[in-house]
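Okay, so chain A shows up in both of these, paired with chain B first and chain C after.
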Partner chain A sequence: MNVRRHPFAASVSLLVLLFLWLPLIVVAVNSFNQQTIMAGWGGFTTHWYGLALHDQNVRTGLETTLYIAVASALLSLAIAVSGALWWRRASPKARAVYDGLIYARIILPEVVSATALFFLFLKIHFTLGLTAIVIGHTVWNSAYAAIIVQARMAGLDPALEEAAADLGATPWRTFRRVTFAALLPAIIAAGLLAFTFSFDDVVTSVFLQGASNTPLPVVILGMIRFRITPEINAIGLLVMLFTVTLMSIAVLIYATAGSLGRSGRRGNMLDIYRGR
Partner chain B sequence: MTDAAVDINGVEKRFGDLVAVRNLDLRIEPGEFFSIIGPSGCGKTTTLRMIAGFEDPTAGRISVGGRDMTGVRPYRRPVNTVFQSYALFPHLDVFENVAFGLREAKVGKAEVRTRVDEAVTLVQLQGRERSRPRQLSGGQQQRVALARALVNRPEVLLLDEPLGALDLKLRTDMQTQLKDLQRSVGVTFCYVTHDQGEAFSMSDRVAVMNHGLLEQVGTPEEIYHRPASSFVADFVGTANRFAGRVEGVEADRYAVAIDGIGRRTARGPAGLESGAAVLVLVRPENLVLNGSVGESGGLDANVVDTAFLGAERTVRLHSPKLGELTATARGSGEPPEQGSRVGLSWADDDAWLIPAADAAS
Partner chain C sequence: MDRDQGGVAIERVAAPPPAAPRRRRIDTGRFARLALLAPTLAITLVCFIVPLGLIALYSFGSVNQVDFNVYFGWTTGNYRAFTSSLYLNTLARSVILSVSTTLACAVIGFTFAYFISRQSPRAQRLLLVAVIVPFWTSFIVRTYSWVDLLQNLGPIDRFARALGMNGHIDILYTQWSIGIGILYSYLPLMILPIYVSLERIDPALFDAAEDLGATPWRQFRRVVLPMAVPGLIAGIIIVGVPALGEYVIPEILGGGKTLMAGNILADQFLQTGNYPFGSALAVSIMAVLMVLLFTLRRAQPAADPQ
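Showing the complex of A and B:
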């Protein structure tokens, strides 16, 4: 952009970038800061990382979160893949309803779906806890996964499966060697995405955790309410690096996956991520 | 009598209210290059898909190599298909694409290696085994599709407009290669196309379909020179036609009164009755144009237009007695001038009769 010609737009952009990145930089820098009150630079240390990694709360939080994220990702994939398989042979009307339900889950504010589930679980006497959180995460995770898998499925030429059958592959072998193989990049990407979304979720987890162990993001929230230490910066940076890495892998897999028989209908995963 | 490579018996296929193929009987002989041609929607592709097993006939029976295929799923049939879109597996390289069928058939590793090598050599793609389909040109992809099907040694190879996506030059090359390939491997080919020239240049026999019905089966020469219907005559080339009536049968020829010009002799299918309404068909290349009007029995025409096509020249004519006509002039002689009057004639052997009842449809 020409700064001189668009001084206003340029300064707004600068401010946005500043507000977006400055806190992250501050967190990163402070995670290595020796000074406990973080008023200034007290010298370099990795002490906080050691503290964070040995903090029992953090460790159980991480375990809980990993359990929830893995379970929710797998469940979402099962729903997304079977949904996509059905979607392909469904009537246009049924497809429209199915797609509508997907977008509803994405558009719906998380607070609303979490509250709704909270009251539903109370009503049917379903004990709140890890399972409830997994279900809560799967509500929106499965919608994102479905969009990614479906986009790939739409690009899959049905002639490929006919060709496999023609070459002697049974329906199961055709699914394994052609359909599933073609969907694999989308499945991996959708799985990583779902995992990441679940990994850093706070809202749904807070509503549905009940008396169970607390997931890591909620642990962090509790910690900063109590006191702010550089340890939180260390945890924050680790979580950030972890999720960014996963997301990058997901995007990379999806972007480099070759197009299928049909001309390039590729969903753009970045758009989905921005929408969240 | 040996079993037919493909025997189609009274087959009908409906999609809801639409009848795609009706009452089809067809026999494809072993080792033959057989083509099914017709305009889009004529049922040719549906027929091919029924042989492959992707569609089940609503009625009738299809046998391959003497075995009834009713209820036999595609993966159990001794046929392989070359798809119009090639349908190469994008996530597999050339070698694995070609090896797909062999792996499904649980062929041993060493044999897979030899047979894939053979097939790849056959279609001249040595050195491209590790390429992905998208790295290949259209013609190369087409050859991979061919190798992938042939490597399984099918009893019948089904080809669904395999050259449709290629440009003209490549298409002509591939036609020659396909024909040579078929001769050398000896597999029965069943080839579907809407391009009659393509079918004629490669096939031993051709079937012409229209609106789900089989119009005619025969050698390309038979189909071209002795079409069974007006539709066939038009589909495989241009035809001048004149209405007339059979007046008598003389050996293998008919005497026919042509409206406007009187009695002529023409060949025709056996069994035409005296008095039957017929169409007399003369191909453009058999219409002879003479400089002088008198010597052709008083037939003449005005040259409306000429078009230069390279090896030949198309002449559009208007005759007061016969209406619009098309003639083809060969060679490098002076073309007839636009607007000039020319004499018109044809040899009796070059006139062919079609029952006029058919012409009504």
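Showing the complex of A and C:
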């Protein structure tokens, strides 16, 4: 590594890496720590994993979260893909409005959009619960999904579809075999991303859960508030491994997808972070 | 930013002019396009714009103390209530915390992103993974782990005492622990956009600057910094705005004692039921957001060397 030329940046970077990874290491270590106050090492145990896996709240929380995350990811994909198809033929002005609203859904503090939705549901007497949470997650999840699908769509050369049509493919067949096939890596990646974000969400779920079963992250928040136990570290490590695996798959699929006609640019998950 | 404007223009030119016999087809095409937009419209209008409009409306209403219904009186009382000392401290703390953590994020994030961008492609990928992986792990568990780390007798406290500090660090459940939590959670969001803009710098620019006799400091100031501005602005927006409304981090690392605007807002809706006041808070957060976006967007094209 090119450290010697930038000694200051290098030492800051080392500290940043330590800063970013320290909490994860602490969670991993304490999940096997016998000592309950976690102020030091008290010996190795898998006791907390046993407790976590047999905790009924955690188990129903996990089921609830999985249901919400799958539903929200599917809904977000439907919105993102149809939106990207529209976006392709839209005028620059309409595109700007569309992009602006995607951006707004992502950066508005979640507590604001969640309270606003909570209030709307209250006013129209829409029962809070799983459906409400799914809708709430989809508000921002569909925006993330839209960015990923759209980035791939922008690189798709219309000549490919025209060629398919010239060769006698019906519009549906052209869509299925060319457009959809080209978008598939982005669709899978966006779906996994949306699933993970929903799986991890606290704020929107807190506001919209009503009397339904509590999703896992909210269960964990409750545990943190009322009784701090090493059980949380065990659940935490398991959840972390799960989400990291999903996100890694998403990135691998997206990054290894072939390039498309016009742009020749390969997919890059950093598209999400490109400034507008 | 690097949107393919050329391609758009070509498509528009190549599209056949709307000749009379084809009008019917074009109309069905328009209908189909509207159908494609419908799902996006539904979620954006019904679940985003309408609710926000609703709270904007209610922020001028008032709660009847007898029947607890909300009445519209076009009062600005909810906004004036911010100045009561009960909330002023919290609001000031929110602004100070989000501004200072955003600045800290920008400085640290820039240094780190710059360091990454100067490495070999392989090392760059490795470092990016090292930044992104923690960001993918459970937000709530990551935040919680700072309770373990920062508590008295925890690892950092022990380390500080080993270095010769007297007493304890006493930073858990203060604004310091909230600040650390926000910095921790949002730092990757700052690093990534800055890296994306630095990565685009052509190394030939450095050679050119050096050949023309620019000192390393001048190269940094005249080449690196201007190229980093778009990423820096994107990062400041992505970090600063959500940080202002942060709810979970103060819940966990503020220990229910030290709060931010997001917590007061949440309490108005979930506990006290003072919807007009909560709405006024939400609207104010949105207003700050819009001012920030407007200012930064104006700053961007001037600095963008295009």
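Please note the rule applied: the second predicted complex is superposed on the first by the 245 of 276 C-alpha atoms of A that agree within 3 Å, B and C clash if a C-alpha of one lies under 4 Å from a C-alpha of the other, contacts with A are read in each partner's own complex, and residues count from 1 in each chain.
The criterion applied here is as follows: a contact is a pair of C-beta atoms (placed from the backbone, for glycine too) under 8 Å apart; a residue touches a chain by one contact, two chains touch by 3 or more.
The structure displayed is predicted, hence computed values, not measured ones.
Peer 1: Could you look at A:G168 and tell me whether it touches chain B, chain C, both or neither (first, second, both, neither)?
Peer 2: first
Peer 1: What is the contact status of A:A132 with respect to chain B (first) and chain C (second): first, second, both, or neither?
Peer 2: A:A132 contacts neither chain B nor chain C.
Peer 1: Taking the superposition as given, does A:L160 touch the first partner, chain B, the second, chain C, both, or neither?
Peer 2: A:L160 contacts chain B only, not chain C.
Peer 1: Could you say whether A:W21 touches chain B, chain C, both of them, or neither, answering first, second, both or neither?
Peer 2: In the superposition, A:W21 contacts chain C only.
Peer 1: More residues of chain A are touched by which chain, chain B or chain C?
Peer 2: Touching more of chain A: C.
Peer 1: Scan A:I187 for contacts with chain B and chain C and give back first, second, both or neither.
Peer 2: After superposition on chain A, A:I187 lies in contact with neither partner.
Peer 1: Which chain A residues come up in both lists, the one for chain B and the one for chain C?
Peer 2: On chain A, no residue contacts both chain B in one structure and chain C in the other.
Peer 1: Within the complex, which stretch of chain A touches chain B?
Peer 2: Listed in rising order, the residues of chain A that touch chain B are 157, 159-160, 162-170, 173-174, 177-178, 181-182, 184, 258-261.
Peer 1: With touch defined as at the start, can you tell me which chain C residues reach chain A in the complex?
Peer 2: Contact set of chain C toward chain A: 1-4, 7-8, 11, 33, 35-40, 43-44, 47-48, 50-52, 54-55, 58, 108, 111-112, 114-116, 118-120, 123, 127, 130-131, 133-134, 136-142, 144-149, 151, 153-155, 184, 187-189, 192-193, 195-197, 230-231, 233-234, 237-238, 241-242, 244-248, 251-252, 256, 262, 265-266, 269-270, 275, 278-279, 282, 285-286, 289, 300.
Peer 1: Okay, in this complex, where on chain B does chain A touch?
Peer 2: 52-54, 73-76, 79-81, 83-85, 87-91, 100-101, 104-105, 132, 134, 148-149, 152
Peer 1: With touch defined as at the start, can you tell me which chain A residues reach chain C in the complex?
Peer 2: It comes out as residues 1-2, 5-6, 8-10, 12-13, 16-17, 19-24, 26-27, 30, 37-39, 78-79, 82-83, 85-86, 89-90, 92, 98, 101, 104-105, 107-113, 115-120, 123, 135-136, 138-139, 142, 146, 154, 158, 196, 200, 202-203, 206-207, 217, 220-221, 224-225, 228, 232-233, 235-237, 239-240, 243-244, 247, 262-263, 270, 273-276.
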